[in-house]
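Order of writing sets the chain letters: A, B and C. Residues in each chain are counted from 1.
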Amino acid sequence: MNILRVGVITVSDRAAQGIYEDLGGPALVTAVRARGWEVVAEAVVPDEKDRIQTCIRSFVRQGCGLILTTGGTGIALRDVTPEAIRAIARVELPGFGEVMRAESMKLTPNAILSRSLAALVDGALVIALPGKPQGAVDCLGFVAGAIPHAVKIAADVPDSC
Amino acid sequence: MNILRVGVITVSDRAAQGIYEDLGGPALVTAVRARGWEVVAEAVVPDEKDRIQTCIRSFVRQGCGLILTTGGTGIALRDVTPEAIRAIARVELPGFGEVMRAESMKLTPNAILSRSLAALVDGALVIALPGKPQGAVDCLGFVAGAIPHAVKIAADVPDSC
Amino acid sequence: MNILRVGVITVSDRAAQGIYEDLGGPALVTAVRARGWEVVAEAVVPDEKDRIQTCIRSFVRQGCGLILTTGGTGIALRDVTPEAIRAIARVELPGFGEVMRAESMKLTPNAILSRSLAALVDGALVIALPGKPQGAVDCLGFVAGAIPHAVKIAADVPDSC
């Protein structure tokens, strides 16, 4: 069994500018490793669609089968992570957003505002998690069981395409 | 703490023509006031996209941070409220539709047909509720807890934009 | 009360090529008849958008008020049933996908990957079910209660339109 290769992207204007420390990314890295998966790439990018998209595609080329983003899934004007991912995705997997919201709402009613989602980009599974470190780790936990199977199917590119 | 300013729009061809009395709007007005929120605008419009959109935008300009529509969320040919809202929305908040359907289905199986939703339009939170008065009031109740926070974030327009 | 007229479409490259026997279609036919509904059309088509769309529209013209597809709702490259249906649908009914996923996940965690959905096409209700026979029959069961009412409303075409 191959070890799952994971990229972690923190999407945050303030973290990218160094105004405050990125906590979501490190929290996810720890959670990923605790599952026995390998973190092969990490980045902090501002809340800008093209920067998010470029980073995701770069991580896919670096061999990430799973890319986790944290941040930018809320409803503020600068929250564009869902739009960035959708614009380059082959398909969206609505079940991930549904489960992450339903489970998170049991912990905090404001999770109803979350636009967390999962989609396939260039043969990798991309999951957009909330920006708060605990929320990101919790949401990863809610969907982790289906991730290895999803990554395997997502990567199954036919001979000619 | 500012009082939440609310607009209520009944979307119904027959109510707009005076064929029958609008019951959904008054039921929502009562429910809104019972929460301590202020109803600052009310209207009845036919099931026509541009009329719905014009009314929503007018209510935003009148200072509504929350706009509730009732009607037009079903699957009949004239039910166009979701399409009207989506076409002018910056983002949709899928959690609202998911919660309203999941909770309504506990009361009536046909709620699975509902296309209720929430979205942000011009800095206001717009929630499309069912046409039946009790269904509209029930659905408002299912999501009311997150509304004040959502309205506050939705209105948070930056200096230049 | 009119008997519900149903079309069943198996979407599968391999079944269409005769590489293996179509089991999902027959399983659905049995489940449909067990509900007292009538199967008036059956087909096996490859995972190609235009073939799926042509078959759905042909079944509508043959008088099907409900069209069930099985297969092509996953995330493999050839899984295009959701896209085929959405491209010709008047409206999507998000509650069906939500319920089918939520209930299926109680049986198998990988159901989170399902892109099952329901939509209205040319006045008929189209439901895209999973490819596995048991999954298709289970998902039909999860939403069957609302189907007769949905089909009736979907078919309610006004005089001029």
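Just so we're on the same page, contacts are C-beta pairs under 8 Å (C-beta built on N, C-alpha and C of every residue); 3 or more make two chains touch, one makes a residue touch a chain.
Computed from a prediction, not measured in an experiment: that's the story for all the values here.
A.B. asks: Superimpose the Cα trace of subunit A on the Cα trace of subunit B, which carries the same sequence, then give the rotation angle to the nearest 5°.
C.D. replies: 120
A.B. asks: Mind checking subunit A against subunit C and telling me if their interface is mostly the same residue numbers on each side, over half, or mostly different?
C.D. replies: On the two sides of the subunit C and subunit A interface, the residue numbers are mostly different, under half being shared.
A.B. asks: Please work out the Cα centroid separation of subunit A and subunit C, and write it as a whole number of Å.
C.D. replies: The answer is 31 Å.
A.B. asks: Going by the contact rule already set, what residues in subunit B reach two or more other chains?
C.D. replies: 98, 102
A.B. asks: Which part of subunit C faces subunit A closely enough to touch in the complex?
C.D. replies: Of all residues in subunit C, those touching subunit A are 74-79, 82-83, 97-98, 101-102, 105, 109-115.
A.B. asks: List the residues on subunit A that touch subunit C in their complex, please.
C.D. replies: My answer: residues 90-91, 93-96, 98-99, 102, 120, 143, 145-146, 149-150, 153-154, 156-158, 161.
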